[in-house]
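Note that chain A is present in both complexes that follow, paired respectively with chain B and with chain C.
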Partner chain A sequence: MIEILQQIVNGVAIGGVYVLIALGLTTVFGILGIAHFAHGSVSMFGGYLTFFLVTSWGFPLLLAILVALIVGFVLGMLIELLAYRPVRNANHINAFIVALGLTMMVEGLNLQFFGHEQVVIPTNLSRVFDIGGVTIPELRLYVIIAAALLIIAMTLFVEKTKTGQAIRAVAENRDAAILMGVNVKTIPLVVFAISTALGVCAGVMVGSLFAIAPGIGEWLVVKGFAVLILGGLGSIPGAIVGGLVLGVTEALAAGFISSAYKDVIAFVVMIAVLLLRPQGLMGKA
Partner chain B sequence: MLQINDLKVAYGPIDVVHGISLTVNAGECVALIGANGAGKSSTLKAICGLVPVKGGSITFEGRDITNLSGHAVVQAGITMCPEGRQVFPQMSTVKNLRMGAYMRRDAEQEADLERMMDMFPILRDRAHQAAGTLSGGEQEMLAIARALMARPKLCIFDEPSLGLAPKIVAEVAATIARIKAMGKTILLVEQNSLMALRLADRAYLFEAGEIVLSGTGEELQSHPEVVKAYLGH
Partner chain C sequence: MKLRVSHILYAAALVGFILLPQLITVKYYLHLSVLALVWVIAAQGQNLIQGYTGYVSIVQAGFMGIGAYSTTLMGLHFGLPVWLTILLAPFVTALFALFAGYPSLRVKGHYFAIVTLAFNLVIFIVLMHATDLTQGEAGISGIPKPGREGGWLDFANREVYYYFVLIIAVAMTALAALIVRSRIGQTLIAIRQNETLVGAIGIAAWKYKLFAFVTSAMYAGLAGALYAHYQSFINPEIFGLAQSLDAILAVIIGGSGTILGPVIGAFVVVFLPEYLRFADSFRLILYGLLLVLATIFMPRGIVGVVGQLWARMAGKATR
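Presenting the complex of A and B:
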């Protein structure tokens, strides 16, 4: 029993990271219908930047994260304006190609700026808590708390603010949203800014829990899209449930079967879910 | 209040509106009638900034709003209740109504929400239901209430009776009459010509992208051409 709880706690931490990535992907997909493949690499850029600010410029960790968040905000808006907006009214395949090109560009820039060495963001959080036999490293606990707060904040933003409701409205019916007075040119900017900032948070979490290296961004974006399909495309509750299910499934598979097969098992579970619910866990049929 | 001068609308190479002119005065209910594809809805979409204007001008309260973007038209005080209702299907009734007040910043939005639910009691019953699960008639009421939530100066209705049961059509007509009695200025597009002409102070008849006839609602109701082609009796 304790061991199952232990693996669930481990799974929730990585699941939280998946949720943050998937929230960005799902809102972008919802309003623009774009599969934003570069999201993982951009998130890793945020992780790299935080690492760089802490180790090279001696920034305190929280300040470095704050700076990376602001850079993420601006970067997100630039991506929308410069990469996706020009192909907004073109054939869908164009946005697809732009997304692939952008992924290669950002990966290349990461390599150019930060090198090919694997880096870990230093945190000095080395205590380990023991809660009823379940051990939680301090860092992992903070990651879970931070992810939970961000997920709650994002949900409240979408449900309780006018801008958040406008994002939903554009996703559900773009023309009707225009008739309500929604400026459909600024909404994608807001969505990309927030999505990228959430991605940066995920990048920092990956960089401090595990490590950042070339290729990690692609791994993360594949997981993100798996969560989207598992939870239901464009659905915010789907991203939350899907991310946690994927994270916990992987942790249980690694803990009780084999860590070498955890991805395989996670994807088998995903396929099984989709056979029963092709629209995803929270998707509308 | 609204003045359209020599308006031309085209979808790519295909012209659909060939230079029409019309006027809506404050407090009036003006109907646009005509067959499917005559250019009525395209005219409305051009007013609301949903399709680009190819030629001519649209003036609202003395201000040129030709080719203004959609949200700026709403800001100017024009709200459209679109054809096919176009509610936000996964959002609740209440959230749909709140979206109607999206560009308002005043403190009376919640009071207006209550007023709408008093005016349409069925919306109160369905308050927290996803709008997509409402019946066609209920969705039409929601779309009308949502449009009123913007407190528009000019309220445009695009085919409000389309696809509804006869009993509900009568209800929609009564609702529009009530909105008119509230002093709202209304521009109504309807294929149900009899309903439109009964509601309207004045009306314009569209044929193949042009206005071929105009007059008061009563005049058009008894005009031989209208009777023969559109009222069918």
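Presenting the complex of A and C:
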């Protein structure tokens, strides 16, 4: 029983990271119908940047994260403006190819700036808490808390603010939103800025919990899309539920079945959900 | 008139391909040309599902892997002759594709793309970890060439293998053209244009989609088998996600939904990264940038651009 709880706690931590990635992907998809494949690599860029600021320039961790967030914000807007906007009215496969090209560019930039080495963001958080037999490393706990706060903030932003309403309006019915006076030129910029910032947070979490290395970004974005499938494309509650389900499934699979095949098991669950509920766990029929 | 021009073009391309080994002086380019021809086969398959049916599948390299490993393992464990295992490999791949196609084809658009992508990852992980069978990351080496040793054709000779793959690539391209022109192919195009309408006039679209998916997988399996016996070495690395994306790029860059597109695209995808070697570590960035620019400025691929130029020139000439 303790063992199961332990794995669930582990799963929630990685699930939180998946949720942050998936929130970015799902809002971008909801607004623009784009599978933003470069999202993982951009997120890793944020993680790398944080690592670089901390180790080479001696920034305190929180300041480094703040700088990385601001860079992510700007980078997100540039990506929308320069890469996706020109293919806005083309076939959706074209936007996907642009996303692939972008992924290569960002992966190349990461290699160019930060090299091939695997890096871990240093945090100095080494205490381990023991709650009723379940051990939680301090860092993992903070990651869970930070992820939870970010998810709540994002949900409040989308549900309660004027901009959030505009985002939902464009996602629901683009033409009607235009008629209601929503500026459909700035909304994608806002969405990309926020999504990328969330991705940067996820990148920092991956970089401190595990490690950042070439290829991790692609792995992360694939998991993000798996979450979207699980939860329903474009759905924010779906991203949250799907991310946690995927994270916990993986942790349980790794703990009790096989750590080599944990991803296979996670994908099998995804495909099973798709067969039973093609619209995803939280998607509308 | 237009038909005749395109026939001359096909003939010229064929002559070009036949003469190519005589024109190439650098051995390495001959090697790349063989690889490019293998990719032509894989890309023709990808074009059937992506270009004609409009379903973007991201598992082509995974299916190449199944073809490559099945031909190798059948030869290794059952002692079957190479030509037979190459023939059987596409059918083994087809079995897997039937299994993968059934759940994935129930969904459309991005869902389909991501589910097939997941299948590619599953294939990759299994190839990596089922070490008893595949020897994992280390891969399998010493895969035999077709033909008897000391036979009248020496398949270890690159030039011979080039012509061997060329014949198959031409045959598979012709087969793709036949499929596209048949009633089945026309139905596939109709599915791309309006799947609801296809269903409404009483055609079971799923059968046709499954046919396109399985056929495209068989193309990939054949390409993978040819690759394995050419390189004499395989490991999971070459059948990953990145290579599946290359197959998609080959179709898009060449011109999706055209017969010549995948041929041109396959050569671009194999040769362009080599030519960008001068840029060294900027290569990936440059390649990505070229892709983005190409998609924005020539969304219909090289065939589309050339076709447009041709139409413009022909228009001027008649005037």
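Following the convention adopted for this analysis, the second predicted complex is superposed on the first by the 285 of 285 C-alpha atoms of A that agree within 3 Å, B and C clash if a C-alpha of one lies under 4 Å from a C-alpha of the other, contacts with A are read in each partner's own complex, and residues count from 1 in each chain.
One rule holds for everything that comes next: a residue touches a chain if its C-beta (ideal position, glycine included) is under 8 Å from a C-beta of that chain, and two chains touch if they have at least 3 such contacts.
The shown structure was predicted, so the numbers you read here are calculated from the model rather than taken from an experiment.
Peer 1: Mind working out whether A:Glu80 is in touch with chain B, chain C, both or neither, as first, second, both or neither?
Peer 2: The answer is neither, since A:Glu80 touches no partner chain.
Peer 1: Could you figure out whether chain B or chain C reaches more residues of chain A?
Peer 2: Per-residue touch count on chain A favours C.
Peer 1: Check the residue A:Leu179 against both partner chains and state whether it touches chain B (first), chain C (second), both, or neither.
Peer 2: Once the two structures are laid over each other on A, A:Leu179 reaches chain B alone.
Peer 1: Quick check on the superposed pair: does A:Phe29 touch chain B, chain C, both, or neither? Answer first, second, both or neither.
Peer 2: second
Peer 1: Considering only the touch criterion stated at the top, classify A:Ala169 as touching first (chain B), second (chain C), both, or neither.
Peer 2: In the superposed model, A:Ala169 contacts chain B only, not chain C.
Peer 1: Quick check for you: in the superposed arrangement, does A:Ile271 touch first (chain B), second (chain C), both or neither?
Peer 2: It touches chain C, and chain B stays clear.
Peer 1: Would you check which partner chain A:Glu250 touches, where first means chain B only, second means chain C only, and both and neither mean what they say?
Peer 2: So A:Glu250 meets neither chain B nor chain C here.
Peer 1: Pick out the shared contact residues on chain A: the ones touching chain B in one complex and chain C in the other.
Peer 2: none
Peer 1: Using the touch definition up top, name the residues of chain C that touch chain A in the complex.
Peer 2: My answer: residues 50, 56, 103-104, 106-107, 109-111, 113-115, 117-119, 121-122, 125-126, 128-129, 241, 245, 248-249, 252, 256, 281-292, 295-296, 299.
Peer 1: Can you name the residues of chain A that touch chain C in the complex?
Peer 2: Going by the criterion above, the answer is residues 29, 35, 83, 86-87, 90-94, 96-98, 100-109, 111-112, 218, 222, 225-226, 228-229, 233, 260-261, 263-264, 267-268, 270-271, 274-275, 278.
Peer 1: Chain A touches which residues of chain B in the complex?
Peer 2: My answer: residues 48-50, 69-71, 74-75, 79-80, 82, 86-91, 95, 98-100, 102-103, 146-147, 150.
Peer 1: Please give the residue numbers of chain A that touch chain B in the complex, ascending.
Peer 2: Contacts found on chain A: 162, 165-166, 168-169, 172-173, 175-185, 284.
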